[in-house]
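You will see subunit A twice below: alongside subunit B first, and alongside subunit C after that.
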Partner chain A sequence: MDLSIASILVLDGATNGAIYALMALATVLVFAVTRVIFIPQGEFVAYGALTLAMLQLGKVPGTMWLMLGLALLVAALDAAHRLRAGVAPAQLALGAGKTLLLPAAIGAVTWWAAPRQLDLVLQSVLTLAIVTPIGPLVYRLAYQSLADATVLVLLIVSVGVHFALTGFGLVAFGAEGFRNPSFWDARFSVGALSLSGQAIIIFTVSVALMLALWLFFERTLYGKALRATAVNRLGARLMGISTTGAGQLTFALAAFIGALSGLLIGPTTTLFYDSGFLIGLKGFVAAIFGGLSSYPAAALGAVFVGLLESFGSFWASAFKEVIVFTIILPVLLWRSFQHPHDDEEE
Partner chain B sequence: MKTIALLGAALAAALALGSARADVTVGVSLPLTGPTSALGIPAQNGIKLWPTTVAGEKLNVIILDDATDPTIGVKNARRFITEDKVDIIMGSAATPIAAAMSDVAAEGQTVQMMMSPVNLPPGKGEWSFRLPQSTAVMAVPIIEHWKKTGVKTYGFLGYADAYGEAWLADIGAAAEKAGIKRVATERFARTDTSVTGQALKIVAANPDAVLVVASGSGAAMPHKGLVERGYPKNKIYQTHGAASLDLIRVGGKDVEGSYISSGPAVVADMLPDSNPSKALGVRYINEYEKVHGKNSANQFAAHSFDAYILLEKIVPLALKKGKPGTKEFRQGLKDALETMGRTPVSQGVLNYTPADHFGYTPETGVLLTIQNGDWKVVPH
Partner chain C sequence: MNASAFRRRFLAAFCVLLAALPLLPVPEFWITQANYIGLYTLVVIGLVLLTGIAGLTSFGQAAFVGLGAYTAAYLTLTYGVSPWLTVFVGLAITAAVALVLGWITLRMSGHYLPLATIAWGLSLYYLLGNMEALGKYDGLLGVPAMRFFGLELNTGRHFFYLLWLIVVLAAVGLTHLLDSRTGRALRALKGGVTMAEAMGVDTFRYKVTAFLIAALLASVSGWLFAYFQRSVNPSPFGLKMGIEYLFMAVIGGVGHVWGALAGAAVVKILEDQLQAWLPRLMGSSGNYEVIVFGILLVLVLKYARDGVWAFIEQRLPRVRRAVDWHDAPALPERPRPAPGQVVLDVRTVRKEFGGLVAVNDVSFQVRSGQIMGLIGPNGAGKSTTFNLLTGVLASTRGEVQLMGERIETLPSREIARRGVARTFQHVKMIPAMTVLENVALGAHLRGHAGVARAMLRLDRAEEKRLLREAERQLVRIGMAERMHELAGNLALGPQRLMEIARALCADPTLLLLDEPAAGLRLKEKEGLAQVLRQLRDEGMSILLVEHDMDLVMGLVDRIVVMEFGTKLIEGSPQEVQASPAVRAAYLGTEH
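Moving on, here comes the complex of A and B:
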């Protein structure tokens, strides 16, 4: 190994690390606010990339139908609940309309736009609009009524949601992989390093998103409400913050971050319907670095995971995944020495 | 009492009728759902195109789904033997299931036509015959081309799974015999996001050729990774697992000029007339694409097509030994397969012997190159 090889590996590791960092941030965010260990986080990466691939082919992506179907289910569920509570029919219709309006509008735009094969950037925006609502809808269906259950129950639900979403991915996108066109085809040479435009986009967007999240949590009322919910659910509720609303907002953010990550790495690799799982899992390993609570530690952990992966694949490619996932053990050990009395929350 | 006696008599009559029938029955177990359904569904499509008779006898086909689950595959195989009294078991298209079913087939002394190139330990699989080519046979055209173009060293970049392992062993043995040395052995997984590390190491070792072992669109990412690191496209070789249009779709201009080892069926129309599989392959493509549309022909349905060619050849021979549904007939089928001699099918030339149940002869594989987004056969 010489310096040029090392620098190429560092660049590659940091590029993947940036994506893992986004995954880790979403994982920490979801866990802090809702106590859900969100295993299906990676699925939104695959959904994002493959939805764009379908739009590129001029087809209506299956994720649109998933979003509409989930919205209908949620509307029906809400209506049934309200009916039992004795709400007037006019209000029932209003509530259902509220749930269905946005998904129906996005569905209609997709239907119109899909065969027209619009500009790549417009299609990307449409992709984000299709995938993001799936997050809160999934929360409403799978987690909301269990919001006060133990972490373990929520984890088990997550495993179920993961399988359901992966299975749907296979139906919607098929077993073969796709590679999206690059957003920026330029290449820059710095010595032995060749920096692709896409890598620059990945870094810029990741950093920008982290900054935006930081501003969101520090400066906006919604962000502060989320933080309050993360610190103390009951206290937040007493202050008039809807924990249900906080959960849905969190899941919307998680789905948005996932879909955006999918758009970012879509042009650099071939993505399959089940590719997201491992990406999400590596984000989870990174989140463990921060004890599922610290955002900066999770982001640093993600870059470390990315570097470990790229150097691991150079030295011992057959054991790459083993190396990446074994790192979780010493980290857990170190954390348990640091916080010996960190009782499991029940 | 009387009713029971009557029932008993009816049952006995039904059983007698059952054994007296002369239909040839084939029990097929395929993964129609689950992770390998991409293999099972086209194989089933191929079977559905079979004629309703074979060698003048009526042909019964029972198709069951094994859901990519070895337990269900074994259950299906047992059902075929004890309830349906089949003469031949076919399947499965997934390796672990086909392997698990082979024990049941041997126990029930029924020929199993595997739709997957399963490696079994010595002494096992006495009644099991493979329809897909072994990796050793598919390595032949690659090694031949390496010898011809003076390749002395090669690098290996393959899946970290059974498919990669089989290729590593088979290409290793054949290359060693030809005096070609492996200078880099790297692994990756289908869902990896990058192969930069592996590609760097291979490019640093500077081999004369690189073999990429992967399947379908998963073969494009390592290929592009190598090209990105400056490795020349026309020195990259791919295996038959990648011989589908998905490689070209995802790989784009980066796979232009690369080589790929393939069975003859999917490219039958481009083969020279001297190729023994040409006529059968063209017939297969025409029959299959008439029903399933243009460019739908694939290697899995071709194996189903070939199974019928074998049935046409072995059923008349076995009929001389006994009636369908009997032990003698089943033994006759096995003997016929093992002694039928050189038999061209759409996917190559088969020649099963009692010792070799893979059967394909070295003339089977075809080397293709990619030109202007389509396959082109590389002449020998």
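Moving on, here comes the complex of A and C:
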């Protein structure tokens, strides 16, 4: 291996690492606030990339129907719940309206925009608008009533949600793979190193998103409320923070980060309805570097996973997945010696 | 007919039905289905032990099945090794992998094991699919059929008997295991490690044991799979299947051994129907059944967490344990210290949490046949002191001696082994076990039978001695008539008494009681005081942390008062009551 190959591999690894870092951040965020080990995180990546692919083809993406269907289900469940609690019909309708207003608006815009094949950037914004609400809706349906269950039960729920969302992906997008057009076709050469415009976008957006998240958690009341919930759910509730609201906000962020990651890597590789799972899991491996609790360690772990993967595919391409997923064992071993009392009771 | 005879007949009828099935004119399709259900059940039985009993979980069971299957297929095809040998090679390899995975992850929080098993399941799948010697993704074809005393097991009907014999043996073995000393220790893992360790259970070892048994059962299933399917390829051993096994366990009822069978059957039959109908409905082929499975899994966890078997279990009569231990010999007891001898000697023990000094160089002694009270306002450091003495927390410095031996650096279970038994401020018990079984857990260190002896029921003589001791302690605290009730059905008062009986079952030299009267009614408190006095008169040494002054003053021989981590005063109840410093600590000072 000479320097030019090494530099290509480093660049490739760092690009993927940036995506894994976003996945890892979302994983840590969701686990900290809700104690949910969010296996389906990767599904939102596939949803993001493939929703954009559908819009590119001028079709109404199936994810829109999924979003609307989930919203209707949530509205119906809420209404049934309130009816039993004896809430007046007028208020009932108001509550259902609140749940349905935004999804219906997004649905209407999609319906109007899809056949018109708008500009790529506008379609990307629309994609984010379609996929992001799926996060909180899934939280409401699958996790909310189990919020106080053990980590183990929540993990098994996550596996169920992963199954269901992958299956819906198949229904929505079919078994065919798609590769999106690049956002920026430019190429830059620095010596032997060739940098694509898409790679620059991936780095820029990832770093910008991390900064935005940092500002959100440090500087805004909502961000602080989420951090408070992460530290102590009961304490946060006593301070008037709605843990339900915190859960939904967290899941919205997770879905948004997932969909955005999907938009970012869509042009670099062909994605299928089930491709997100492996991407999400690599984010997971990265998150474990920080014990599912440290954001910087998770981001560093992600870059490491990206590099490991790109060098692994150079040396032993057939075994790159084996290498990436086996690395979790030495990492866990190292953590078990670093934190021998890492054992909270459930 | 009593309940246990009814259950035995139920099992016998099931076995007869199973044995008759291949002889009846059942279509070959259903025999094949039944064989698959048997193969799955074997894996799911392991998951029941791991998830339902020990409170851990694994998504990597399919990979262990793959390990067993590939070992069998490879050795048979390449070296012509007999199937009756390949099973042991497969088990050995599986055990090695499971021990490494368990050793790495099981010392950390419960969710690291499932995460590691996800990674392990994925890794093995890609490894099998890329290894030249294992035929890559095509796998290994043409595995010869098994031979059993000259009889070739080359049809589903022949294979059926071998498979289901193993399934029934595994289920019965696990049922035996759960009703034993080891079974109680495994059940204790679910509620967190503190209580189990205080009973002397080496929780890490038992967690590894549960994981190992589950992995070995999966490996046997894989071994059978190779000779049943006559070929192996990576796809049935991937992560999707690993998740499906867990799904079967949850649907069937993760707390019941026979739930494994129910879950495997329901899921297999449902999967076939869905795979036939859904693609027609959707107009194209694909694994649409995962949608239904995913939603079903969430719904089951939300609304019927005990699964299908719970509905059957409710309709079966509840078995009341037959009392057959009255002729068992008593367990050996420790030598008792002479009255007045120093049992516990605490010397300038200190605990700092960062800058906070929670316990500030506290010293006191507890003597044999004495009740010592440890009191103080909230936040005085009583509970921290208690945790230092029992090995839950490590002291920053200072010395604790039990009968002259230093114990401050030992883990909880070693302190328990040396004769310190405790109760908990918030009752820690196993609600789904009877009072008697909960109490018998306290005698864990006085028995020795392990997994193999329990499965083969070679532990019955020892088990009788343990249960006899448990009943004796229940009689001692006046709860003998409630021993067959489920512990979870008891009110708080009896639960606290049960914890004391459990502690006494360890044959302790020193009994540590953490707020035993909290939440008790007046009558119950009087009963508790009566029991404690009686214990003291029998020569027991007791250290009592308590808030209830009436109880403490009328009961104890000496009192240590703590405030802000420091020992304020030590003396008789009268001396403490007369002390102006104590009044100031509790009520404030006049100016």
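Structure notes:
Keep in mind that, in the parts below, the second predicted complex is superposed on the first by the 344 of 346 C-alpha atoms of A that agree within 3 Å, B and C clash if a C-alpha of one lies under 4 Å from a C-alpha of the other, contacts with A are read in each partner's own complex, and residues count from 1 in each chain.
Here is the rule we use: contacts are C-beta pairs under 8 Å (C-beta built on N, C-alpha and C of every residue); 3 or more make two chains touch, one makes a residue touch a chain.
Here the structure is a predicted model, which is why all the values come from computation and not from measurement.
In the superposition on chain A, A:Thr269 contacts subunit B only, with no contact to subunit C.
Contacts of A:Ala175 after superposition on the shared chain: both subunit B and subunit C are touched. Of the two partner chains placed by the overlay, subunit B and subunit C both lie in contact with A:Glu321.
Using the contact criterion defined above for the overlaid structures, shared-chain residue A:Phe284 touches subunit C, although it does not reach subunit B. Contacts of A:Met54 after superposition on the shared chain: neither subunit B nor subunit C is touched.
Greater residue coverage of subunit A by touch, when subunit B is weighed against subunit C, goes to C. Overlaid on A, the two complexes show subunit B and subunit C touching the same residues of subunit A, namely 175, 278, 318, 321. Those residues of subunit A lying in contact with subunit C across their complex are 37, 39, 141-142, 145-146, 149-153, 155-157, 159-168, 170-171, 174-175, 278, 281, 284-285, 288, 292, 318-319, 321-322, 325-326, 328-329, 332-333, 335-336, 339-340, 342-346. Listing the residues of subunit A that touch subunit B in their complex gives 5, 8-9, 12, 15-16, 19, 175-179, 265, 268-270, 272, 274-275, 277-279, 310-315, 317-318, 320-321. Against subunit A, in their complex, subunit C makes its touches with residues 51, 55-57, 59, 100-101, 104-105, 107-112, 114-116, 118-120, 122-123, 126-127, 130, 191-194, 243, 246-247, 250, 282, 284, 286-298, 301-302, 305. Within the complex formed with subunit A, the subunit B residues making contact are 37-38, 160, 186-198, 200-201, 204, 216-218, 220-221, 224, 246, 250.
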